[in-house]
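My questions all concern the structure below.
So that you can tell them apart, the chains are marked A, B, C, D and E in the order they are listed, and the count of residues begins at 1 in each.
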Amino acid sequence: MTKKRTGVFVCHCGTNIAATVDVARVAKEMAGEDSVAFTKEYVYMCSEPGQESVVQAIKDNKLDSIVVTCCSPNLHEKTFRDNAKRAGINNFTCEIANIREQCSWVHNDKAKGTEKAIKISRSVVRRVNRNQPLESIAVNVTRRAMVIGGGIAGIQAALDIANAGVEVVLVEKQATIGGRMLQLSETFPTLDCSQCVLSPKMVELKRHPKVKLMTYSEVQELAGSVGNFRVKILKKPTFVDPDKCKLCDECTAVCPVVVPNEYEINLTTRRAIYIPYAQSIPASYTLDESTCLGLNPVVCGKCKDVCEADAINYDMRPETVTEDVGAIVVATGFDLYDQANMPEMGGGKVEDVLDGLQFERLCSASGATGGHILRPSDHKEPKNVVFIQCVGSRDPAKHCAYCSKICCMYTAKHAQLYKHHVPDGRAYVFYIDIRSGGKGYEEFVQRTMEDNDTLYLRGRVSRLYRHNGKVRVLGTDTLSGQNVEIDADMVVLALAMVPSKGTTEIAKILKIGRDKDGFLAEAHPKLRPVESVTGGIYLAGAAQAPKDIPETVAQAGAAAAKVIALLSQSTLSRPPLIAKVRPSHCTGCGMCVDACPFLAIRLENGKAIVNEALCEGCGSCSATCLRAAIDVKNVTQLQIFEMIEACLA
Amino acid sequence: MSDNIYLPKLGRVAFIKDEVVGERAIKTFRVEAADGGDLFEHECGQCAMLSIFGRGESMISIASSPLIKEYKQFSIMRVGRVSTAFHDLAVGDVIGIRGPYGNNFPIDDWRGKNLYFIGGGCGLAPIWPLITTAVAQRADFKNITVFYGGRTSRDIMYRAELEKLRESVDVHLSIDKAEEGWDGYCGFVPAAVMDKDPVPDNSVAITCGPPIMIKFVIQNLNQLGFADDQIYTTIENKMKCGLGKCGRCNVGKDYVCVKGPVYSWAVLKNLPEEY
Amino acid sequence: MSEQQNYEPRVVAFLCKWCSSAGSDLAGVSRIQYPANATPITIPCTGAVSPMYILSAFNKGADGVLVSGCHIGDCHYIEGNFLARRKMHLIMELLEFIGVEPNRFRMSWVSAAEGAKFAQVITDFVDDLKPLGPQEKLKKAERA
Amino acid sequence: MINIQDIRDTARDMLAKGEVRTVIGYRRGSRGMPAEPAFITSPEQADELIWDPTCYHNLSLYLVHDQKILAHLRKASGSPIAIVAKGCDARSIVVLLQEHYFKREDVYIIGVSCEGTGVLDERKLASQLNGVQPTLAAFDGDDYVFTTAEGEKRLPAREVMADRCLECRIPFPKEHNVVFGEDKTGRQLAEPFAALTRFEAQGTGERWDIWSHHFDRCMRCFACRSVCPMCYCDECVVDSITFPVTQQTSAAEKADRVRWIERSAMRSENITYLLTRAMHLAGRCTDCGECERACPVNIPIRMLNNKMEREAREKFGYEPGASIGGSSLVASFLDNDPGDFIR
Amino acid sequence: MEKILDKKRIDDWIAALNDWEVHAPALEDGIWTYKPVSGAARLDHPNTRQSPKGFTFPQREVYFSFEQIKGEPPKLTQILPKETRHVVFGVRPCDGKGVPRMDKVFTDHVEDTYYTTRRKNVAYVGLACNKPPSATCFCLSVGGSPVSTDGLDVQLTDLGDRYFVKAVTETGKALMKAAGSLLTEPAAADQKQVKQVHTEAVAYPQRKINDPDGAPAKLKVSFNSPLWDEMARACIGCGICTFLCPTCHCFDINDEVHSKAPLQGQRVRTWDNCQFPDFTMHSSGHNPRENTGARLRQRVNHKFQYFHENFGMHQCTGCGRCVSECPVGIDIVAVVNKVTENVG
């Protein structure tokens, strides 16, 4: 028997449907369908007796498929599929026709509403007609995780996962883990030393038996899906063997190359061979290939000569490593908005105009000035400093539309730190308004204003430029309504937080979406805030949105918990609505291979082959194939074709 | 209306039986005139165009004896669009039917002779009316022997009828490969025939089944001494009209729907091999 | 004129399951009223819409065809709507080229949060279709 | 100028050495002037090969046939097959290679440059000659020279050349194993897409009037798809029963074919057929013009493909047949593809 | 009945045929096509691209419609062609020859109601060829002639400024009577000129089938000739040669469904042809005419052997359409000549 025996169950939903749809007519029309063997209407199909009657009807009438015409499938598809299963038929032969949200609730006219409800129901009946009974696909889970990004978010997530006994690979693109937090001096609202909190965690991570640390490495390719990812990682050569390196610093002394030090945000310089920070993990030097004179003893070779530990090896080559993991946490962090985009703020070309991170480095005991606030141009103590908030943030017209969330706080912190270092100095803060939601945050800002005597000016800075050895800041004080002109020794810009460089690429590689601002997109803003749209990939830290350390750590913990929960299962079940190739029709043109966003198709012997574990059932392949040689199960071209027909009958 | 050769009569399905189940399923349908009365007269070997409205038409051999007037019987294998629709029918459904088409077995010339029926797979249907007619007029013929083989025991159609047939004629059933509980012949039909050594004297052999089987059956019969004009078979070519007009079933100058489907090997042998 | 007022365009709306279909659910939950002319067909992704569906819908007499999915960047399947954008652009250009009124085919991005926008898209489409009258150009004639 | 002897020598040589199993080229047809496809399998036949303005066929179609025959016979290809290919034909081969229809080493491309003189449009010629029957056509610099009963007739090539040759941007087979003739790329005789642009300048109503007239006239002989090397699907939307069908094909699969269009040559069905074809050729058609030449009722089908070609080029920066690697037009996208039509 | 018509008055004759729908060749989109005319008809066409067979055997013919409500028996409604009377002007002799051939197919054995209904309502006013209009003509080889009247009801011969009008059938006479005084009696000179024009037309050189009478027998023994595959190698399997042919008659029958519940639709016949690869393909995938060689052989043999065996005449009328329009130069004349060339 190929013809289906379908049951159609028309729900009144009280009066929710029945008021504007003639449910009796819907049932009657459906009875006229060739395949329909049974119809029933009922006041609340999803109620206990309603569900029972569905089960009973399936058994009594030997139905092999059902259509429930009711509310959105998001609400009760599972309910009725479970009922189908309970009645002994395959759950995938149950479909929902949504005649409430998409019909009765939005059309008052009963005649028109009924017509549309009939069309919707009929199209679903025709679809069910050709539904195949399917079983969910079980996939084994690889009990390992990967964390991408070794900032505080990544470190925390990796530690949490590792402490649960799950092996973790942490991939960091810089030569050291630590991220931005390692650049900070003291942190709000407690003003405890950033490195003092972070360093122990970094060391713990390094020593953790369940953690595999891969610094100076980047993710290149991702295949597979939740439970079974295969990640290709490029390990860049450091040319220094970390196990041999004694941190003697002899090499830097002889290296003739001097380049700006990006870890000090160009406030200082470094050599071609260098160590980012004293606390770097792994504790080892790195030879920067791009600036080295040629990795060649004939040309230079000074460092190699001087290294007694014989740690330097010019023959190191990039290495591609493949790691199999079951889940991934992405914690690639943030960058500051590029000053070059802001000519009104000097475009990064005006001396003594710093960004927040540079200021952090000036305050940091391990920083360029050994913790003394000296202005870069002349190394003198600045006597008046202007802090400008919201630089690049909250400016939909020209820059970033969003609020960077932490600038109010760190500017307040900066003002305090400044006052602590230069008690006789004058601090001005330009702000639009103060956002200090957080435990102890409001008090912290108040302290800045009151105890530390910082002048808060409400208003925007319109321009700044170099004037008589100072930086002239032109702005308005909107409270007094007056223009303000300050000749400052130093200006600190609280630049907007933007997704770190390379976020676009990593999102592409991982096939996770980004939001309109370019941050990694969560699956649902409220209910799934740490999950990406792709199963098995989680988000943590500033890569997802601007946030401070406590929030970052909380999110990292949440992501870790998700990973642990996922990997505690031995198998996962995936919906079976995936693509299927008709080899007889496939010519092996490979267009589906290119179209598939999940790399789920490959060509073998001139035919396309779908990897069941990877296919998400999006259907891009079937719409691209010119030969109708590939179809998504239960959403086949024939089914859509017949649904179209039904809609226009 | 009856002058319009393309307009089918309506027939009601009175009875449906599963013959073979599985991917190449076969069902038997008994069709009566929907408005009472008789559909048409036919001869053994003729076919009819059956249609399911909205799905299309198919040429199908009439599998019931001409002696039965009140219905026509058809055995249809599920192979495609129209045949699948047939398999979805229920008793009482109304279909279209036009015919009868084609020539017939010259049964009257064969009275007083030995008849050997050799069928394979779905090929029992076209010769079934001949078998049942001969059995009904048993006295007119000498020995009647039926060889029939399926791939497996589950592919044997008309199982019950064949068992009943044993009462009046020799029936030899075979399957391709040995199976538990099968006490008949195991092997291919052409070999099964050789096994029983049919005698060519005053005999006619009628064979129908897959082309490859027919080919070897004929070879074997020839070997046994059957002359070409003692061997009969039927051929199938794609047909649309059944009336020698749509132009696709011809073998040489003859349209199979008119001059066939029944051929003696003496004739068929000399036609181009386009079937 | 009155004929045109009585005329109710028949629209087939291919809605992506994740965004536009959810958006239409939201319109329902919010009880936003809009014309009943469009019959939704939920598909996994706009990327799954074969140009054949559009030709077929017109062939079967649709007065308008709507394809609606997630905004660029929001595709549940990451790239589906990018692929769809290209295909739909081509089919739209082609239809327009042979002289089908451009307003008969529409594509929109409606997210799960845009119930009101969904209603608006349908309302606008139906408004734009009404003056065009029934679509006869591509429709299969029933009798010949 | 191409010396036909070079092509013949190449063919003869390769066949003699067994380097190729067949050379697909052109020879003089039985009914006079027009060339016809030739399948040369022995060195002695090589002298049958010709090259003249009537060599309009896109022979890459026969590479497709060859693959189908091999598949049917379940045979491996063995030695490669050589083919004479013009610029547009060579681009067709590139698309076929891009779609993995065969491997590069399976085909030996004997490229011939059109050198800016293109090939003949017989319809244009007929209107120029007013009933005089030419028996031979030849290239001579920028002219075509026809032999007729009334003596030699010389016509500037551009007056009787096929439209697509006039508009051709790359009259040189970039992909080749050996090539004859000069690369005159850039010598473009008419603005590309000129006819298309003129057509598009008309209003919706006018455009519909013209196309509906043509769609009414199509008799669904399918010459357009049969002659097209890109229309190689084993099962086309218009087919009833098809080649992928074998003994193994299940009844359900045969019964459940989508019936996108009816067999009847009605306007609606013809539109669905021809638009489907245009969609399927978007990014794949290399404008060899064979479909339009073959159409027995002169439907300007090429314009549909041209339209797609221009969209691909202008909106998506895509050039069909430009390279063997890379994704097809509809299997790829760019982040900044136009989306202004989306609401 | 033989008359003379002033060329300029042909429009008046057409106008006088008000009981009939008149069609004549018109040049449109670069090809000649039969089009309904009300007044002006210029008969200076070489030949039409499509043959006039569509008047009796249209590309799409509806047999009947069906309608069925679930659970009830279907209702069938026969749909016969409208009884409109058509006159087709300007039919060339080769196409005229096609008419009796089509008659044979559709009335032999059993009568095809749709064909006969249309046939009895069509009249052909032929136009003799003073000179074969195309280089691909070969009517003389297949029992035809540029001045044949077979299948025609009236024959026109172009005498410069006037037509020589000759009735061939009773219908033809009726058509001529309708012209009334427009038609005048021919003078002796007219008769003489017609004869001369006809003689010259027949004498004009044409392409030749070398042994048309021997062809059926020779083709029969050449069934397995390797030439078929060789000559069909370039064939693309389109429908041009057969769709344009005045005598190709193959068709397909399909159900076209307009609505599924309740079921509504029509059973229709459409042109089909032996060159389409799926034409004879069985449901199993087995195809008795598997390759282009077998299909070319079927077309040629049908025209020059099978039809001849059945009806004693070649089915081909020498119009040359399949030769001139084949996109890859497959030439039935060359094929027949080549296959029969060395056969005894």
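Criterion: a contact is a pair of C-beta atoms (placed from the backbone, for glycine too) under 8 Å apart; a residue touches a chain by one contact, two chains touch by 3 or more.
Treat the numbers as computed from the prediction; the structure is a model and nothing was measured.
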Touching both chain A and chain B, which chains are there?
D, E
Hop count on the shortest chain-contact route linking chain B and chain C comes to 2
Where are there more C-beta contacts: A-E or A-D?
A-D
Which chain is most remote from chain C in terms of Cα centres?
B
What whole-Å value do you get for the distance between chain B and chain E if each is reduced to the mean of its CA atoms?
39
Report the inter-chain centroid distance for chain B and chain D in whole angstrom, where each centroid is the mean of the CA atoms.
49
With chain centres taken as the means of their Cα atoms, state the distance from chain C to chain D in Å.
35
Chain D-chain E separation of Cα centroids, rounded to whole Å:
31
Interface hub residues of chain C, defined as touching at least two other chains:
51-52, 56, 79, 83, 87, 140, 144
Sequence positions of chain D contacting 2 or more other chains:
241, 245-246, 249, 252, 254-255, 257, 260, 262, 264, 266, 330-332
Residues of chain A whose C-beta touches two or more other chains:
2, 595, 624, 637, 641, 645
Which positions of chain E touch chain B when the two form their complex?
63-64, 66, 68, 73-74, 76, 78, 80, 105-106, 108-114, 223, 249-255, 257, 260, 263, 265, 267, 269, 272, 274, 279-284, 286, 288-289, 294, 298, 302, 305-307, 309-310
The residues of chain A that touch chain E in their complex are 31-34, 122, 126, 645-646, 649
Interface with chain E, chain B side, in the complex: residues 1, 3-8, 10, 12, 34, 51, 53-57, 79-80, 83, 94, 96, 211, 236-238, 240-241, 243-250, 252-253, 258, 272, 274-275
Considering the complex alone, what residue numbers of chain D touch chain B?
241, 250-252, 254-255, 257
Give every residue of chain E touching chain A within the complex, in rising order.
69-70, 259-262
